[in-house]
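Next up: the structures, one after another.
Paired with chain B in one complex and with chain C in the other, chain A is shared by the two complexes that follow.
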Partner chain A sequence: MRCRAWLLAAAWVAPALAAPPDDPLRSPAWPYMAERYFAGQTVRFDAAVRVLMAGAAEDPLAVPVHVDADALADVREILVFADLNPITTILRYEPSELARPAIGFRFKVQQATPLRAAVRTGDGVWHLGGAWLDASGGGCTTPSQASGSGLWKDRFGEIDARLWPRADGWRRLRLQLIHPMDTGLAGGIPAFYLETLDLRDADGRTLAHLQTFEPVAENPLLSFDLGGRGVVSIRGRDTQANRFAGTVAP
Partner chain B sequence: MRCLPGSSALLALLALLAVGAAPAQYDYRLAPQALGNGAYVFVGALEHFTRANGGNIVNTGYIDTPAGAIVIDSGPSRLYGEQQRALIERRSGRPVARVYITHAHPDHFFGDQAYAGVPVYALPATREAIAANGDALADNLYRLVGDAMRGTQAVAPGLPAGAGRVEVGGRALQLIALAGHTDADLAVFDERSATLYAGDLVFHRRTPSTPNADLARWLAALDRLEMIPYKTLVPGHGPVLQGPEAIRETRDYLHWLDAMLREAAARGVDLPELAELPVPARFGDFAVLRAELSRSAAHLYPALETQALRRLAPDVRE
Partner chain C sequence: MKDEHRRGNPQGAGAWRRFGRFAALAALIGSGAATAAVTDKMIADDATTTDDVVTVGMGQGGQRYSPLTRINTANVGDLVPAWTFSFGDEKQRGQETQPLVYNGKIFVTGSYSRIWALDARTGKRLWAYEQRLPDGIMPCCDVVNRGAALYDDLVIFATLDAKLVALRQDTGKVAWSETLGDYKAGYSNTAAPLIVDGKVITGVSGGEFGIVGRVDARDARTGKLVWTRPTVEGHMGYLNGKENGITGKLNASWPGDMWKYGGAATWLGCTYGGDTKLIYCGTGNPAPWNSHLRPGDNLYSSSTLAINADTGKIVWSYQSTPNDGWDFDGVNEFIPFDFKKDGKTVKAGAKADRNGFFYVLDRSNGKFISASPFVTRQTWTQGIDPKTARPIEADTRPGDPAQAERGKQVFSAPSFLGGKNWMPMAYNANTGLFYVPANEWGMDIWNEPITYKKGAAYLGAGFTIHPLYEDYIGALRAMDPATGKIVWEYKNPAPLWGGVMTTAGNLVFTGTPEGYFKAFDARTGKELWQFQTGSGVVGQPITWEQDGEQYVAVASGWGGAVPLWGGEVAKKIKDISQGGMLWVFKLHRTQLAAQ
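Up next, the complex of A and B:
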């Protein structure tokens, strides 16, 4: 016991940068993820970062996830990644002070993996939440059929959206962009995906900036909680410099 | 488990003896429950698929006739079907006369392999679905159940079931062709025992599952079933009962599920947030409630939430 107390004390005084903390999800890839995303930075596993996701993927091509970091103050960035996906980075979200630090999205999963949300606060500390996702199917049937709708052939670039008032004063924006979101991993099809999305209010103030990557599901369906005033304007760009735009009225 | 003195030595001896022996086959320990007038049911566990239950989470049954038994659903694996068939033939003293498969979910038809030489019937859309998806369903079930599934392959029922009255060995059955739980759901009513084998159109004390469901058609199917003059009802999952309670319970749950999902979509709720919404206390003791609700959200919500969005006029296409 004495020995253990000593070790704890040592950990307490040691600079937090020295080594990444032990992974509560016990992922084999955690040391690599820590090195890749957080080298030289402070990382803390923190229950204040809530990741809402079913334990098993019904549709591996569109796993719904909602990240909520509202319990943390001064959130600057939310980075979402999956340790064991062939492409690990899913998105980087930068809510302004005119957005609640929460985001909903769907992603493509290749195999069972931890899904993590890393939330950077103004003091530079990364707060990590996450859960394991089982991608081997479940229950009374096979996973749902691939979306593979090919909807984008006719409707490429169209945006469906809606803005709702929330009881807490924020406004919920949900939007769907028709886009194939090709990963480049399927034979002969080059990577082709939405890269950035910017949200502004009627006064032109930036509400949020989002970077999306290959694993985001086809026809990205995104949920945001925004402040600001009046209409929300949406501006997006993909890897082939196509531009997407639309305005949502309250 | 309490360890008695010497038990470790005994275990070591047993382990030695087991070396080289063939692995024991999974034993489903099937025990038919008599419903009266020659109608029987095998009641499965109120659980999800596990290695321990071998996939036996389902109710199957049979009706005895002088021409052999009529089997309703063949269970989750080849082994289940073999054990089911052996037990029925031993008890009835005759070969099984025919098999009806209620629908194309893997816990209901994977025992078909054990019924070589016996006419196996299902609705046309059920036969097509098993032919198209059977292998994928088998792979999935192997992952969840393991050993008990060994040697199991999908066999599509060889004969189409038609709706209406049939006689087998002097016993009249009504075949009721419905849909809603899947694209084709067959219910079987045995007139003499007044037993309704409802398949997965009816669940009891177990949360309904919805991977291929159309809730409006399912609710209409329940209205049809309610008009049948049954005394005993065998749900697809859950205990057998007398009277209308299970149909009402299934209808109540499906109505609530449909309304809850529509209302949430109209408020802009994101799919994973559904898991945080309250569930009425009257469903609180349903088996596997949270897990099935989460799966139902994944099956049914995407269509509703995209319907709630509005197409934006493309204002500035730069």
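Up next, the complex of A and C:
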């Protein structure tokens, strides 16, 4: 019902714009997501966008996900969001031509929700893939484990990274940053999270730009498939202007 | 809140497409607000402009004087709340902040390194920022913050984990963040930064942990360090990354390597003299408290330093308590002012020291002019020798413990919390008087052996505080700097711990731990108005003009050093409720109509 009412309203306010397509995941929040992220833009549900994850969250504080949009040409941006999380946006990934349009990460889930990857191609069209994730809940409002131990400051900002070649010609970068990634939803603990990450190769060419948000899991563990040449340099910044930097050799 | 903000963008984009012309107009207005910037001139003129408050101290000199007269002795009784703002959370501790007012916004800091931007007309919260503090922070004297600084489109404040954080005034997004010291070694920061000619000037806290005091100047737009000046002799200063000479002369007034952890923390920040181009910074106690471990004057502890704003060199210094053995500090604010003597204008500065003396010095060269007691008892001294400008010490230093567990205990007044502590006094050019928030208390103090250990308290002393009088501890005193005489006083049962402000409306404002925000006649001391704010007032009041009305604001929220260190004083304060609130007042409308 809610869905239909919204469609009518949209048709009345902006007759020139196409209404968003029906949601194959039948999410109660889809109309709001469509308005929040894609107002006035073209959206298409597309099997070419693959979201790989378990059907149920074994650990709501860190659900591993892999998004792969390699079947699409000219990918400019990958937006990942969870309809029913209290903070819906998880990350925005902008791979250059020197990176495969795919990313691996872990995120915090608050309750059962659709998880979606929206992939924007050069023609401005958003291609959406996604799946339901079942969850027992609480991932976003639980204090980070680092907050419980009080020791997070001792290793704060450390980066572990590995870079190795894959059979498909891409170089896989897996990195982990020690950061509590506090959502601000746990009592008495302010929001405090990694905001941006930039990857460059030995020639200083931009490989990829990543924006991360509160729901990315504590001590972010991220996987990229990169081209470029030689040492990869990693630069990050969090919401309190702490800066992180490192390099990883092949 | 963040998510709501993001949600707004795509909607906004949609609206623009539909109402193109209107959107263009809105964008113009919006960009006008976004480019509003606080300039060096606005900061230099803050003491005389009435429609904003862009500096803590209501001017770089910290006189805390407003030329506004709309609220005055005749109508202050009609002051009523306009709006309030609760800092929220469970983090209700001492609120020693001073709000800033600029561009329709109020910027106010709170306990636990929090800051908010509010709509100055409605009190609506525009944004909030809270520093993610590690568990190991070591502030000695409550988790307070004493206000922010404005420069360009930034609002800059220091945090309990010794960071300096600059946020965009419009969004609260962090522009830059710099580390002032290692919080694990005891560094922290609670003072408001000072802006001087595009540089942000800060000190450090941590004198109880054997840190080394320092004054830093950074590019206010980027946070890049310009110069740094240590306050303990033997330590190297730097200018633009190059060595800039050591402070003082190695081992001139410190024995052995005691200077390495010599304290002299600049924990209350600095003031500035626009005419002398000097930054005036008070320095704290030498470390450790046990003075028998460091015979000598221990320069430049317990002093006022005048530092050249461009070069970071010390131009003059005045030490109020040589070889401080009572934790008197010398950190209190030095306020430039002029007065007439024998028909001549004297370019002076005044400081009400923790040791109980009200000092007047020549602000251009530090030359001693006078020192007058502003408290009733000073056991530690027989007065100042006018020839040497040094105190004549009475034989009341706590005994040397040598290798014993503890040395001879003595009674000393003032106590280590001082005749006056951090809370800033105010100067009214119309009355020619300083208004000093003083306290009457003493202490039993004894010394113990101590060695330096990183991150551990470095005192070598024990103490308990005793009120000197049954009926009052706090005393707001009007001092005539020309004569050193106390012109009037207001006695308060609990210790005074809040800042003072005075106006051309012949008024003096301050708060009390009992929760009252009060106004006095600046000439007579007659109490004219009070308002119960619900928690102890230890904040710094301000006033400004907006939409043709004069406003007065102060933060309420009990805390600070007294409840943590207060000894027997606790009896007077144990029943005070915690809080965290900004109160904004203006005249009742019927009174406005009568004007």
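Rule of thumb we're sticking to: the second predicted complex is superposed on the first by the 218 of 250 C-alpha atoms of A that agree within 3 Å, B and C clash if a C-alpha of one lies under 4 Å from a C-alpha of the other, contacts with A are read in each partner's own complex, and residues count from 1 in each chain.
By our rule, a contact is a pair of C-beta atoms (placed from the backbone, for glycine too) under 8 Å apart; a residue touches a chain by one contact, two chains touch by 3 or more.
Here the structure is a predicted model, which is why all the values come from computation and not from measurement.
Asks: Mind checking chain B and chain C on superposed chain A, clash or fit?
Replies: After superposition on chain A, which the two structures share, chain B sits beside chain C with no clash.
Asks: In the superposed arrangement, which partner chain does A:Gly104 touch: chain B (first), chain C (second), both, or neither?
Replies: first
Asks: Quick one: classify A:Phe192 as touching chain B (first), chain C (second), both or neither.
Replies: In the superposition, A:Phe192 touches chain C alone.
Asks: Where does A:Gln176 make contact in the superposed view: on chain B (first), on chain C (second), on both, or on neither?
Replies: The answer is first: A:Gln176 touches chain B but not chain C.
Asks: Once the structures are superposed on A, label A:Lys153 by its partner contacts, choosing first (chain B), second (chain C), both or neither.
Replies: The answer is second: A:Lys153 touches chain C but not chain B.
Asks: Go through the superposed model and pick first if A:Arg26 touches only chain B, second if only chain C, both, or neither.
Replies: neither
Asks: Would you check which partner chain A:Leu52 touches, where first means chain B only, second means chain C only, and both and neither mean what they say?
Replies: After superposition on chain A, A:Leu52 lies in contact with chain B alone.
Asks: Per the overlay, which chain contacts more chain A residues, chain B or chain C?
Replies: Of chain B and chain C, B contacts more residues of chain A.
Asks: Scan A:Ser223 for contacts with chain B and chain C and give back first, second, both or neither.
Replies: The answer is first: A:Ser223 touches chain B but not chain C.
Asks: Please give the nearest C-alpha separation between chain B and chain C in the three-chain superposition, to the whole Å.
Replies: For chain B and chain C in the superposition, the minimum C-alpha gap reads 9 Å.
Asks: Which residues of chain A touch chain B once you look at their complex with the stated criterion?
Replies: 52-55, 58-59, 62, 64-66, 104, 136-144, 157-162, 164, 172, 174-176, 221, 223, 234, 243-248
Asks: For the complex, which residues does chain A have touching chain C?
Replies: Residues 13-14, 35-40, 86-89, 150, 152-153, 180, 182, 184, 187-192, 214, 239-242 of chain A touch chain C in their complex.
Asks: Along chain B, where are the residues that touch chain A in the complex?
Replies: Residues of chain B touching chain A: 48-49, 105-107, 133, 136-137, 139-140, 143-144, 209, 211-212, 267-268, 270-273, 275-276, 291-292, 294-295, 297-299, 302, 305-306, 308-318.
Asks: Along chain C, where are the residues that touch chain A in the complex?
Replies: Counting only chain C, the residues touching chain A are 2-3, 6-7, 10-11, 13-14, 17-18, 89-91, 129-132, 134-136, 163, 165, 174-177.
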